[in-house]
Amino acid sequence: MIAAGARLWQQGWCPATSSNFSQRLGPDSCAVTVSGRDKGNLQPEDIMQVDLAGQALDGKKPSAETLLHTQLYRHDPEIGAVLHTHSMNATLVSTVAPSIVELSGLELLKAFAGNSSHQVTLRIPVFNNTQDIAALANDVETWMQQHGTGHAYLIRGHGLYTWGRDLPETLRHLEALEFLLEYYWHARPDTTEVVI
Amino acid sequence: MIAAGARLWQQGWCPATSSNFSQRLGPDSCAVTVSGRDKGNLQPEDIMQVDLAGQALDGKKPSAETLLHTQLYRHDPEIGAVLHTHSMNATLVSTVAPSIVELSGLELLKAFAGNSSHQVTLRIPVFNNTQDIAALANDVETWMQQHGTGHAYLIRGHGLYTWGRDLPETLRHLEALEFLLEYYWHARPDTTEVVI
Amino acid sequence: MIAAGARLWQQGWCPATSSNFSQRLGPDSCAVTVSGRDKGNLQPEDIMQVDLAGQALDGKKPSAETLLHTQLYRHDPEIGAVLHTHSMNATLVSTVAPSIVELSGLELLKAFAGNSSHQVTLRIPVFNNTQDIAALANDVETWMQQHGTGHAYLIRGHGLYTWGRDLPETLRHLEALEFLLEYYWHARPDTTEVVI
Amino acid sequence: MIAAGARLWQQGWCPATSSNFSQRLGPDSCAVTVSGRDKGNLQPEDIMQVDLAGQALDGKKPSAETLLHTQLYRHDPEIGAVLHTHSMNATLVSTVAPSIVELSGLELLKAFAGNSSHQVTLRIPVFNNTQDIAALANDVETWMQQHGTGHAYLIRGHGLYTWGRDLPETLRHLEALEFLLEYYWHARPDTTEVVI
């Protein structure tokens, strides 16, 4: 997670101590970054352990957004890592997009686990931002119960959540999403859909 | 300050030996970068000591803009560091913005000391550029007397000033401002306000 | 190829384990990157040997896109290296461009082997994307039989292929193409042609 | 010059082995980069010596563009270094600009030797590109005889030349020009002039 943080910070996706990362430790717990640390220069003590109700297991104070990580680990036992970033492209798209961002026909859609063709549509729901993280975690859970887990969601004016079986897969999903959201932002005025 | 300079230069925020940085040394003095040095490769001798009237304490020649740093240290004894940068986004926004840039509803507004929600409005005044730095420092002081200290100001066609209790907090404010000004520049034609 | 991968990944041209690179080993074989590896951190075991029908010579599993590399080595015995990347500019241009992207009058056109003036036109065909790589390789071969080998082609919504006598020449072609495609994307609304 | 090359290449201003750099060695000679070398990885043997007529002094083959460097050293004995780069912003501006790019009212104009205020106008002539470098060098000389030496010129669809008393001053001029040309490109649709 420390190396991942440095890599993501250098890309400009974690400005001003924003963003948080987690990895599953077992069926009932995960490691998550402590709130407010510089993600480009994480130290071992900047990572804490919580149970899947978001309670600290090591006496450190968890960030409020920890509940968005634990919702994912509770929702799907196959999820092994979660990355939340605050990039410019995610923020720009999140503030102009409708309630679901749809991306189709791009080769990089194959970067998502389970896709073997570009002829798919990735649907990324956009939730309104709130400081009531428990309520937002419930909204995410309700949406996933109805529409499936998917690969990512946006929070309007805030950032991106994505996940995968392990940290390398989640990093691959994140790099693909950043690419696809940058594409969406730039192509938006010109192209409404890619030829599939 | 040397490490901060290298970090900021790599982001492209200090082109062509522009920008200056300072840190409070005590109630009556601060350390400030000497004018005209390459901010990506600062040496210890590129930093000098001045009193809060901007007079050198070590025989070196202070930059004219030193008075904009000392105005802040005199105005608020809690201010421990000041960063002035010349980024593209700050310059672009400063030349198209009205007299106050307002930003609301973005999660990254929580990066500023004292903010616990995105449901706030950050107001950044824009002063016209001048080579009469003493007059500009007076204008800044007058504005702060009337509207409060705030977190940052822009100088039109010139750059950005921000501050904080210490250097890490000020770096966090600067990264957040660069993000918010980039957002403002790109979102400007499309979105006039973010859904809060 | 490992050093080239790191250089290209740092430019952002190989997101999310995408892209693949190859070098000719002799008249009947080449070395090619194994599918799905992080191109910013290639290891020796991430490179495999195939014959020019795309069959593995060392028991590793070749990527389906290997056939686009071997088509080039079969087509022209002078080709010594092939680079395939997924940059933002290549993707954006590929989705808005007509069936051939034409670039004229820019000094950087001299970066292509054989050009000694900017007063030339580079024609880059754009093929529709498909997962049937054998069929796409045939389309490329047919096009080259009719129009000559050229220096590069785009696959719509997917990325860029370019080649050269050896890896340094191919890297030079790739850097020039990325520059020219970025230019094409940005200049598009303003300038339809450069004064030659 | 080797360190300068690495720095400029990392900024993306020297793609695909383009660009060339020189430094005066005395009243009648200068050191200049050999044509076609990777400017991000210059070696000592990639730099050669020429007299101010552009003739090699060490048996290496000078680039045709060497005459644009020697014109400057002949024109003004105070010029100690020349940098020629091929950045995206210089190329974009060069193809849309009128015959003279004018920039006023920006603080970074103070980066040019002799300017102590932002209330100046920098005039950058734009010459049409040609492969007849001797003729272009004559055009530059004629223009400078009529309008003064100035700080820089553009070649349409090609790139930027700038100079200074020594290499550090010339690097400062180059960083300032890249900033100003990027500003010009982005601000162009919105602002025709900055409030001075």
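Lettered A, B, C and D in written order, each chain numbered from 1.
Assume a contact is a pair of C-beta atoms (placed from the backbone, for glycine too) under 8 Å apart; a residue touches a chain by one contact, two chains touch by 3 or more.
Note that the structure is predicted; figures quoted are calculated from it, not measured.
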item	value
Both-way neighbours, i.e. chains that touch chain D and touch chain A	B, C
Superposing rotation of chain B relative to chain D, computed on C-alpha atoms, to nearest 5°	90
Self-contact between copies chain A and chain B, residue sets same or different by half	different
Distance between chain centroids, defined by C-alpha means - chain C, chain D (Å)	31
In chain A, residues with contacts to at least two other chains	none
Interchain contacts, given as pairs of chains that touch	A-B, A-C, B-D, C-D
Touching residues (chain side chain B, partner chain D) in the complex	15-18, 38, 86, 88, 91-92, 95-96, 128-129, 131, 155-159, 185
Of all residues in chain A, those that touch chain C in their complex	105-108, 111, 116-119, 168, 172-173, 175-176, 178-179, 182-183, 186-187, 190-191, 194-196
